[in-house]
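Structures incoming, each one as structure tokens.
The same chain A turns up in both complexes below, where it pairs with chain B and then with chain C.
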Partner chain A sequence: MDTMVNTILEIIAIILLALLIGLFFLGLSRKITARMHWRYGPPITQPVIDIIKYFNQTSTSHGYLFSFGLILSLSGCIVLLLFLPFGHWCPLSSSGGLLVVLYLMLVSPLGLALSGGEAANPNASIGISRKFLLAMGYEIPLLLIVVGVMSYYDTISIVEIVDKQLQTGCSFQHLPLLLSGLAYVLILPAITGMRPFEMIQAPQEIASGPMAEYSGKFLAFTTIQHALNLFIGISLFTNLFLGGASNPGYFFLKTLVVLIVMLIVNAVFPRFRVEQAIRYLWKWSSALALIGLIIVAIT
Partner chain B sequence: MNLEILLAIAFGGSFITYISGRISKKLRNIFAILISVGLIGFIGSLFGNTTEETICPGFWNFPLNLRINMLSWFFAITIAIIGALAIIFSLQYIKEKERTDFYYLMILLVNSSMIGIVLSGDLILFYIFWEIMSWSTFLLISYSRGPAISAGMKYIVMSIAGSVAMLVGILSLYTHYGTFIIADLSNQLSLNTPGFVLFIFILFFIAFGIKNAVWPFHTWLPPAHSEAPSPFSAILSGILVRMGMYGFLVIFFVIAGIDLFINLGSRLVHFNTILAWIGAINIIIPTFIAMLQNDSKRLLAWHGVGQGGYMVLGIAIGSSLGIAGGTFHIINHTSYIALLFLVVGAIEYCTKGIRDLNSLGGLIKKMPVTFIGALVGACGLIGIPLTNGFVSKWLIYKTLITDGYPFLAFAALLGTWGTILSLFKFIHNIFLGQLPEKYKNIKKPPFSMQLPIIILSLIIVTFGIIPGIPLKVINQIMISSGIDSLNITLWGVNSETGTINMLNIFTALLITGVLIWLIFKGSKKAKQIDQYDNYTAGTYVPKDKYHYSVEFYGPLNRMLRPYLKDFIDTFYLKLAKSVKNLGNGIRQIYAGDIGYYVTYIVFFLALLIFIQLKWTLW
Partner chain C sequence: MDRNKIGKWLKSPGKMAQKYSLHALYFCTGCGIIEIPPTITARWDAERFGVIPVATPRQANLFLITGYVSLKTLKYIIRSYEQMPEPKFTVGFGSCPINGGMYWDSYNTIKHLDKYIPIDGWIAGCMPRPEAVFVAVTHLWTLIDKGKADGYKKYREDYELYRENQESVLGKLEWPPLFSKEKQHEASV
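Our next item is the complex of A and B:
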């Protein structure tokens, strides 16, 4: 019974912390990008202020799927959180491991796409199409990397991968995984949808894409979803390549460092067009990841 | 005795249905449904039986046997269920068309012959039923005439090639062991040389591979699936094609045995590794070709080819998890591809035959049940958690990774992402976006069309959350074929290198979903607005031309199109053309004029005399 209560407490703690960290990251990324652009930028708490504001505004809906897709997307994100070790917390560790994580990563974009499609706004549809194309772009290197990591540690359990790294040093210290790690660094901004890969929303071209029809509480939910997504993308990288962490606080610090480094590198790039992005992702990061996988397979 | 009665009902029933159709349409429909539903009950009652009976002791001195065991039962019940659902769906779908009696006869005949195949205990009966199935399928594929005739032609030519290969295989087995009975043949093959075993394997691989549309024998499938009537496409893609998988299971694991199958080959390369790579190619190429399709049925047909790759890959690895995954994937594929074809059929019915993905849109508001069916089916095909496709794919991925096949695992995973792209296009272009004015007054499909869609959706979700039910049956099959069993729980699989538990995932998704929904409900209510009430950043919105669907993945298509050609199909067509030219050339000799023939004879005699004079052979 004690373990049961512990698990439930862990689940609640993970969700709340991830939400807070995600919103903090969102605010921080806007601030840092602004400072890099010689702007002052909004306060770090801006996303939280936004969410509170959105909940008080009126909203319009295009039908049941319009809401259902969003709910599906958000619950997909939250369940995904429970499969990723947060420090030593991982409440659903024994339910399928990294393979389930890969599949749950589909639920969130799919939900958002269904909701956006129901909006009957071509800008939204264009945004969705771009999202899937971009996903196709980064999934190829990502799958090569993840398969490489799983084969190297000979397990599909993400908790075991973290444990082995805690014993023998993080994945970057294992030479066969070095190239895979570098490839992951290259695709990380695409996974989190950051600059230069923000063609999905691209306000100047397609009126914020899938967000075009959202208002009020819908926008609040998408902001939360966006925040969680940012955290999940970085968290997966931290767990697979930076050795996770033995406690949640340390884990948070690691993800923060990753975020800041990523922002400083990427804030100066202009936006890619979608085919440029695919070409970039398939050429450089896939080549690195493929060589990485071959090295892992040989050794 | 039971099995004879079963087949008698199945075959007799199809002819009774045909005859009763001459009397009244209603009577015929009642018969068709009674027989197909009755078969489900009959086969269901045979669960757990393992018998073998001789129905005819001396058919030209060969005994003909029927048998049932877990493997046959597993396939038979799937055939019966899909057959019944397709027939219920046909009631409205086929009503307006001509030659309906013939349609029902053929569809029932296909079902009966498939049940015959899985129940036959010797290779003669197996071959006979196989041929009945091939020919009745040909007649059904070309049912709509027009382009359907050439699609059917392509199918039957390849099918005959497969049958010939199978006949050679069966006869070679007979000359070596003197029996056609499958039970007597099992585990005999290991006594022979590896060369002979390989010969047998290749022959049966061609025979069953053509039916199963394994690359490079897949080219008949896309036109056949898209031209056949939709309810029959569901049967065709769902289970008929998978008779090839049944054949693989029989030849590799029942007749040859798992040890022989895994160990056949030299140190450098094994037979099953080659098979696994064929499976991997079979996943990737068709899945990406599917992305370029604009015809909804053709898109699904290419996925039918692609998903076959997972099954081949699973059983080719030869580990318990792989075989369980591959076999489980057969029925999963059956359920969701049949569902999707029925959905397309419903749309075809309601829009008067539109299959083009570029001219539909917004139909979710008009046919919500069909949409839910499409969504569940698409999720199953992609393998989203909580659908059955996820569990079988998980088993296959896991065995690939932990047994050390990283590249095969990558190929299998990549197939999933190709699938999500084309399936989302399928859903988006049909159901989402703006509803065109011409479909404003469209009616939703009748109940007899919705019922099969609902039942199949329920099956997909149930097996996704409680995969233990089918997996326990599959476990029995594996035990009886001498393969190590798995530790199956009701909610998933336990093993020392990683477990899966669908209950956890289900509960987690359910609770978070409900909580978010409550928050959503609790906050301010949203105002419902019309589809034309859109934010378009200040630009003018032309009504009715505002659905982004043509070239949905334009940039990627432009990048990939040059590489994604079905060059195997081109090769076959060229081959067919050159054979035709050769035939034409040879025909020129037979001019039909007696003078020519006399000349030929004189020349031939002159040649003989010349040879004799020169070399004195005789």
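Our next item is the complex of A and C:
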């Protein structure tokens, strides 16, 4: 009974904290990008202000699937959060591991695609097709990386992977996973939808893609989904390669460092075209991940 | 954030959020649009006031009409305006939308934009400098504070009048009326 209450409290805490951290990351990314462009930039609370505004606007729905897809996408993100260890909190650690995470990572783009497709806007269709092409691009290296990590630590549970890394600390014992880690760094912007893989939204060419027909509260939910997605991508990387953390505060600091490194790339680089992105993902990151997998298999 | 704004935020968060998060839709008619890139990029940086450009009318709540309005563009201005979610604010940029400007005797531009859609504020000048956009934004803030930026309510109440004006220059419009009579009645009650 006591563990049950603890689990429920952990679930609520993780969802709320992830939402807060995701929104903070969005605000921070706008601020840091602005400072790198030699601008002053918006206040760090700007995404929260935007979301309050969205909820106070009228909104246009384009059918049942339009609302349902968004709910599916948001709930996919929230469920995924519970499988990733947040410090030492991981409420659903006993019910699956990396394999479940791999499946659940596709739910949220799928929901957004259902919802955006219902709006029947040609820009949204282009955005969705780009989103799936990009997902196809990064799923192959991601699978290779995850297989490498799983076979190196001999487990499919993320909690055990984090534990093993925490026990040994920073040592040369993890060196065979270096190439897999590098490959993950290369696909991390694609997972979180940051530049140079920003062609899903691309406001300048396809009018913000799948989001073209969202208004009011729908836009608020997509912003929340984006914030959660950003946190999930970074937190998976932190857990697999940076050793997670023994408590949530330390974990937050680690994710913050990863985010700032990503933002430096984000502020400087232009966008790939779709076929360039696919070529890059399948050539460089897949090659690195494959070599990493071979090294893991040999050692 | 200013400490004296906290009371206002607690009192009416919706209104304050609308003030500080103006997502602008720039309608690129004529020469006025050339002043917008310096406004939103590193030189003047409109983002520090929460003003950012968005790509579609569905996400916008500030409509900037920059430059002269020909009959062909008027049709799309009206359609974009009707797609924006309420509350929405409109600002005419430059002297051309105010009274025709240098195109006052042209055969295919309109003279007074506020006959066709409600306008909450004007930026006079030919061309107005980017600073004028920020002056307009701060004026719009005071108008929103006092509840006077209510063009979208006027559009709802006087929709038949606006529609009549629109049809007098554009001929028969191919889309159905945005507000039916019952809805107008609800708005006035």
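Please note the rule applied: the second predicted complex is superposed on the first by the 294 of 299 C-alpha atoms of A that agree within 3 Å, B and C clash if a C-alpha of one lies under 4 Å from a C-alpha of the other, contacts with A are read in each partner's own complex, and residues count from 1 in each chain.
Here, contacts are C-beta pairs under 8 Å (C-beta built on N, C-alpha and C of every residue); 3 or more make two chains touch, one makes a residue touch a chain.
Owing to the predicted nature of the structure, the values given are computational and were not obtained by experimental measurement.
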Touching partner for A:Glu213 - first (chain B), second (chain C), both, neither: both
Larger contact residue set on chain A - chain B or chain C: B
Which of chain B and chain C A:Thr58 touches, first, second, both or neither: both
First, second, both or neither for A:Gly249, with chain B first and chain C second: neither
Touched partner set for A:Ser157, first chain B, second chain C, both or neither: first
First (chain B), second (chain C), both or neither touched by A:Gly169: neither
Touching partner for A:Ile49 - first (chain B), second (chain C), both, neither: second
Touched partner set for A:Arg30, first chain B, second chain C, both or neither: second
Footprint overlap on chain A, where chain B in one structure and chain C in the other make contact: 55-60, 123, 207, 212-213, 216
Chain A partner contacts - residues on chain C that touch it in the complex: 1, 13-18, 20-21, 23, 41-42, 45, 47-48, 50, 52-56, 58-59, 61, 83-87
Residue ranges of chain B in contact with chain A within the complex: 362, 364-365, 371, 375, 382-385, 390, 394, 397-398, 401-402, 404, 406-407, 409-410, 413-414, 416-418, 420-421, 424, 427-428, 431-435, 492, 497-502, 504-505, 508-509, 512-513, 516-517, 520, 523-524, 526-529, 531, 533-537, 546-549, 552-556, 558-559
Of all residues in chain A, those that touch chain B in their complex: 55-63, 65, 67, 70-72, 74-76, 78-79, 82, 92, 94-97, 99-100, 102-104, 106-107, 110, 113-114, 117-123, 125-126, 128-129, 132-133, 135-136, 139-140, 143-144, 147-148, 150-151, 154-157, 207, 212-213, 216-218, 220-221, 273-275, 278-279, 293, 296-297
Sites on chain A touched by chain C in the complex: 30, 34, 37-43, 45-46, 49-50, 52-53, 55-60, 123, 203-204, 207-208, 211-216, 219
